[in-house]
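Look for chain A in each of the two complexes below; its partner is chain B in the first and chain C in the second.
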Partner chain A sequence: MGKYIFKRILMMIPVLIGVSILVFLIQAFTPGDPADLVLGAQQSEETKYIWRDKYDLNDNIVVQYGKYMYRLVTKGDFGTSYITGTSVNSDLARRLPISLTLAALATVVAALIGVPLGILSAKYRGKWIDALCRVISIVGISLPIFWFAFLAIMLFSVNLRWLPVSGLKTAKHWILPVLVTGILSSASIMRITRSSVLDNISQDFVRTARAKGQKESKIMSHHILRNSMINIANIIGAQFGNNLGGTAVIETCFVITGLGTMMVSAINNRDYTSLRASVLVVALAISVINLIVDLSFCLIDPRVKAQYTAGKKKKKKEGKVA
Partner chain B sequence: MDEKKNILSIKDLSVHYFTVDMGECHAVNHVSFDLGEGETLGLVGETGAGKTTIALSILGLLQSPPGRILNGEIFYKGEDLLKKSEAKMREIRGEEIAMVFQDPMTALNPVDRVGDQIAEMIYLHQKVSRAEAMEKAAEMLELVGISRDRYREFPHQFSGGMKQRVIIAMALSCSPKILLADEPTTALDVTIQAQVLDMMNELKKNLGTSVILITHDLGVVAQMCNRVAIVYAGEIVEIGTVEDIFDHTGHPYTKGLFTSLPGYDDTSKRLKPIQGLMPDPANLPPHCKFAPRCEHCCEMCEQRTPEFTEVSPGHFVRCHLAEK
Partner chain C sequence: METSVEKIEKYPKHKSSTQEALGRLVKNKTAMLGFFVLVIMVLSCLFANVICPQGYDAQSITERFTAPGKLPGLQYIFGTDNLGRSMLARILYGGRYSILIGIGAATVGMVGGVLLGLIAAYYGGRVDNIVMRILDVFNAIPSLLMAIVVSSLFGGTVFNCIMAVGIAAIPANARTARGPALAIMNQDYIEAAKSIDASNFRIMLRHVLPNISSVLIVRYAMGIGFAILTTSGLSFLGLGVKPPTPEWGAMLSGARQYMAQSPYLIIIPGLAIALIVLATNLFGDGLRDALDPKLKY
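After this line comes the complex of A and B, so read on.
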């Protein structure tokens, strides 16, 4: 098991290197000079050259990448923001927890709504309650999040004045962004839960459980749901990643100073250091989430776990490197 | 009839499946039979004859929709099971009437420990602590020849025969009065078949359980059963003791079943299968269901439904040839 986790962590490295290369390539293909934006186009070439030199921007893109990665790996230094001139690391330290908390809370809300509704929908398949849940989930999947966010702001903040419009000063400020993201991402969780429960509901082992005289509620929780958990854990993990990557929109709607708004303003200002840092951190976070989800499969399904433990034994026999 | 008390008696049971694409399927039509205490009754018939539907109806586990019990009564201990509430039926399932399912590969929950799946049954029906239920489950495993060390293993670590034994252990764990065994050996290879059948016989002797054995294997019937009911197209066409059926075969369909089997001392080179196919259950022949395939079919067979005739005490045949 420990070996498997270690292997999976090692496998994250090429992914992150790939992401960093992609981010650098985008920068190479983007027209326009950051110096023009930061200093103003009317500045002399010389001033611009000196400024660019500070950020290695005069170097060849490969050299830039090498220098960047060297600083990142050896010192953990993401560089300095072009715009503020301050360390990106401190920006990240301030903004990452906000976005992570927001995405995590939203995912919890999504799971709390999506899983029970999915079960309900599957249990009453074909009844009005199922039809209702399915309509809601289709609407939820198709709605653009910013539109839903503005609708919620209009209703609860502007008209009813129950909740603040923007920012994250108090606990009350968190309610709307968390609920908006959570409700929308519950739609996918609901759909997957429903289909996965339906897959299992007609299985033979469910009939066996009924033949034992087990109660329907216990059959659902103990037999059907446990067999559906792999799919459900998978979609919850995917939604967490989605919510984290999609914070840009929700943070813009609610004027939250998280990773998402950092990304957006970095793109607008050609602040490549900030952009690289935020994209890399999101990629890292999503890789970690995926790892956790994959590991959770071992807890859920003994057959998955058996693959790893059996793999170990087989390796000795066959001399195969796993 | 012998004087043994009947533990279960089914009267005039009809089950239809209402499907969108095939219409109304007459899966079980006016089936009646009794099961004596300690007796093993074989239900024999082709795939799709309605054997499993009968068993599921007894337990009230028929998928509904599409299945629906149209009429009939299933008496167990003098009470009609079909009129009982779901909660009452839950108490009967497993404790009084248990079922062994056809396919051991899929009948166990893949993410639950084998022992716990047996313990679940015991814990449900007996007033014992969890630890006691687990201990009893381990004993049941040993009873079916599986070491108690394997209690904590999962179904995927077991072979097909072992899974089937686990299912049998589960079904027997509350010492049910009636065991419904739905093709318990069909999915197993021959050596394991013999093991499982021997074990079931052994356990039946020790626990005094009555068994309804659903199968299409006449060899298994000869080895296990006291009485046999031949099911064709949702009807019982012949019922009697094993001797009646094997030695004084009455119905042309039953004869057809025997001639379809290679005999031990048979010198003929070719088997004689029954011509034709089972009738479509959505569109059954109006009178004798077997008439279209029967080589003795005469005018009367297509005009009048044959009576269920008692040819010798306890041996009934549904055929005009037997009526005389």
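After this line comes the complex of A and C, so read on.
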């Protein structure tokens, strides 16, 4: 098991290197000299040269990448912002916890709503409760999140004045962004839960359990849910990634100074160091989440665990994707 | 000739699987509801210049911020915005962009994804490995973030928006195509095709692709709705289509400052997005049920 975890962590490294190359190429592909954008085109060549030198921009792109990665790996330095001239690390340290907490809380809310409703919907398939849940989930995946956020702001903050409009000062400020993101992302969880519970509900082992007189609640929790858990864990992990990737939108709606608003302002200011750093951090967080989800499969399903301990990794992988 | 046709008609008609699927689709009420909403929305956007001949940027300073229904006449049915422009006209003309980008991006994402997925599944081994590792990299970046990054590269025009949203959808589509394609590759008819020396390209397009098409069709239908949603998100952030082009997400973003006094400026464009995406999803769901009879719930 330990060996597998270690290998799985090693597998993250090429992915992260790939992401770093990708985000590094953003700048290479963008037309125009960053010095022109930041200093203004009318500056003398010399000033621009000195400015570019500060950010290694006079080097070849490969050398730039090498220097960047060297500093990142050895010192954990994400580089210096073109706009403020200071390290983006402090910005990241301030903003990352906010976005991570927001995405994590929203995902918890989504799971708390989505999983029970999905189970309910599958259990009462074809009844009114199922119809209601299906309507909720399909509407949920169709709504633009920023619109839903605005409707919530208009109702709860502007008209009823129960909750603050924007910012994150107190616990009350967190309620709307977390609920808005959570409710919308519960829709996908609900759909997947429903379909994977339905996949298992008609299996032979369920009939066997019923035949031996097992309690219905136990059949659901021990036989059906246990087997659906892999799909559910997968979608919850995916939703966390989505919520983290979608922070730009939700943070713009609620004027939250998190990673998302950092990306948007970095793009608008052509501050590639900040953009690179924020995308890299999100990719890292998502890779870690995927790792945790993969590892949770071993806890959920003894069959998966047995495959790893028996060392049949390759076979298992092929089976999983096919 | 006629007599022989009549003779055949007497026997129970053999239906192709496509006809059977269509029959199931037509019987599905929610899917048909989605279909009709889609048709109505697409047609009214297509004929925007007939419904609103004054165009989307005709301003009337005296009629700014008229709430829906305050003034008589079709062009005031949704009210007017901060510049006195008819919201109906802006919604209809803006819908052209949203639908165009949605279909364009879904197509780009589907073609790219299917190509990658088919190549990975067909050649297998090292090629498969390389493609999948590259997809792993893209997988670590959520699609909205990917679209944000790509669109930041090129700036906001309709074409760039299509590319950004489309490219962001490629990894997921490639995975969707690869899974079933791998299963098809083990079939005897693929071996048969190989043994008569059919070209790789021909086998991929004529033998593998048609057999995974039902999954892809559903994916494509859902992809259009998702692309419209992503595009509106991009425009909302100011990274997609830029105002004064009346794209729905951009309209919503521009109306933020009037949220308290004229909420309809936010409600109406959002409703348009939600309605078209909902209709696509309902139709896509129905398509999946129709094309995949194994899923009979």
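By our rule, the second predicted complex is superposed on the first by the 311 of 322 C-alpha atoms of A that agree within 3 Å, B and C clash if a C-alpha of one lies under 4 Å from a C-alpha of the other, contacts with A are read in each partner's own complex, and residues count from 1 in each chain.
Keep this in mind: contacts are C-beta pairs under 8 Å (C-beta built on N, C-alpha and C of every residue); 3 or more make two chains touch, one makes a residue touch a chain.
Given the structure is predicted, the values throughout are model-derived calculations rather than measurements.
S.K.: Give one word, clash or fit, describing how chain B and chain C relate on chain A after superposing.
M.R.: Here the two partners, once superposed via chain A, fit next to each other without clashing.
S.K.: After superposition on the shared chain, which partner residues are touched by A:R207: those of chain B (first), chain C (second), both, or neither?
M.R.: So A:R207 only meets chain B here.
S.K.: Spot which of chain B and chain C makes contact with more residues of chain A, would you?
M.R.: More residues of chain A are touched by C.
S.K.: Go through the superposed model and pick first if A:H223 touches only chain B, second if only chain C, both, or neither.
M.R.: first
S.K.: Just chain B (first), just chain C (second), both, or neither: which does A:A104 touch?
M.R.: It touches nothing on chain B or chain C.
S.K.: For A:I300 in the superposed arrangement: first (chain B), second (chain C), both or neither?
M.R.: So A:I300 only meets chain B here.
S.K.: Is A:I267 in contact with chain B, with chain C, with both, or with neither (first, second, both, neither)?
M.R.: So A:I267 only meets chain C here.
S.K.: Which partner chains sit in contact with A:L37 here, chain B, chain C, both or neither? Use first/second/both/neither.
M.R.: After superposing on A, A:L37 lies clear of both chain B and chain C.
S.K.: Between chain B and chain C, whom does A:F146 touch in the aligned arrangement: first, second, both, or neither?
M.R.: second
S.K.: After the fit on chain A, how big is the angle at chain A between chain B and chain C, using C-alpha centres and going to the nearest 10 degrees?
M.R.: It works out to roughly 80 degrees.
S.K.: After superposition on the shared chain, which partner residues are touched by A:A248: those of chain B (first), chain C (second), both, or neither?
M.R.: In the superposed model, A:A248 contacts chain C only, not chain B.
S.K.: For A:I138, select first, second, both or neither according to whether it touches chain B, chain C, the two together, or no partner.
M.R.: Touch status of A:I138: second partner only.
S.K.: After the superposition, pull out the minimum Cα separation from chain B to chain C in whole angstrom, please.
M.R.: 12
S.K.: Would you mind listing the overlap between the chain B footprint and the chain C footprint on chain A?
M.R.: none
S.K.: If you look only at chain B, which of its residues touch chain A in the complex?
M.R.: Interface residues on the chain B side: 59, 61, 63, 89-95, 98-99, 101, 103, 106-112, 120-121, 124-125, 154, 156-157, 167, 170.
S.K.: Please output the residues of chain A touching chain C within their complex, sorted ascending.
M.R.: 14-16, 18-19, 22-23, 26, 29-30, 125, 138-139, 141-147, 150-151, 153-154, 158, 195, 198, 241-242, 244-246, 248-249, 252, 263-264, 267-268, 275, 279, 282-283, 286-287, 290, 321-322
S.K.: Inside the complex, what are the residues of chain A that reach chain B?
M.R.: These residues of chain A touch chain B: 202-205, 207-215, 222-223, 226-227, 300-303, 306.
S.K.: Can you list the residues on chain C that touch chain A in the complex?
M.R.: Interface residues on chain C, with respect to chain A: 133-134, 136-145, 148-149, 152-153, 178-179, 182-183, 225, 229, 232-233, 236-239, 249, 252-253, 256, 259-260, 263, 266-267, 269-270, 273-274, 277-278, 281-282, 285, 295, 297.
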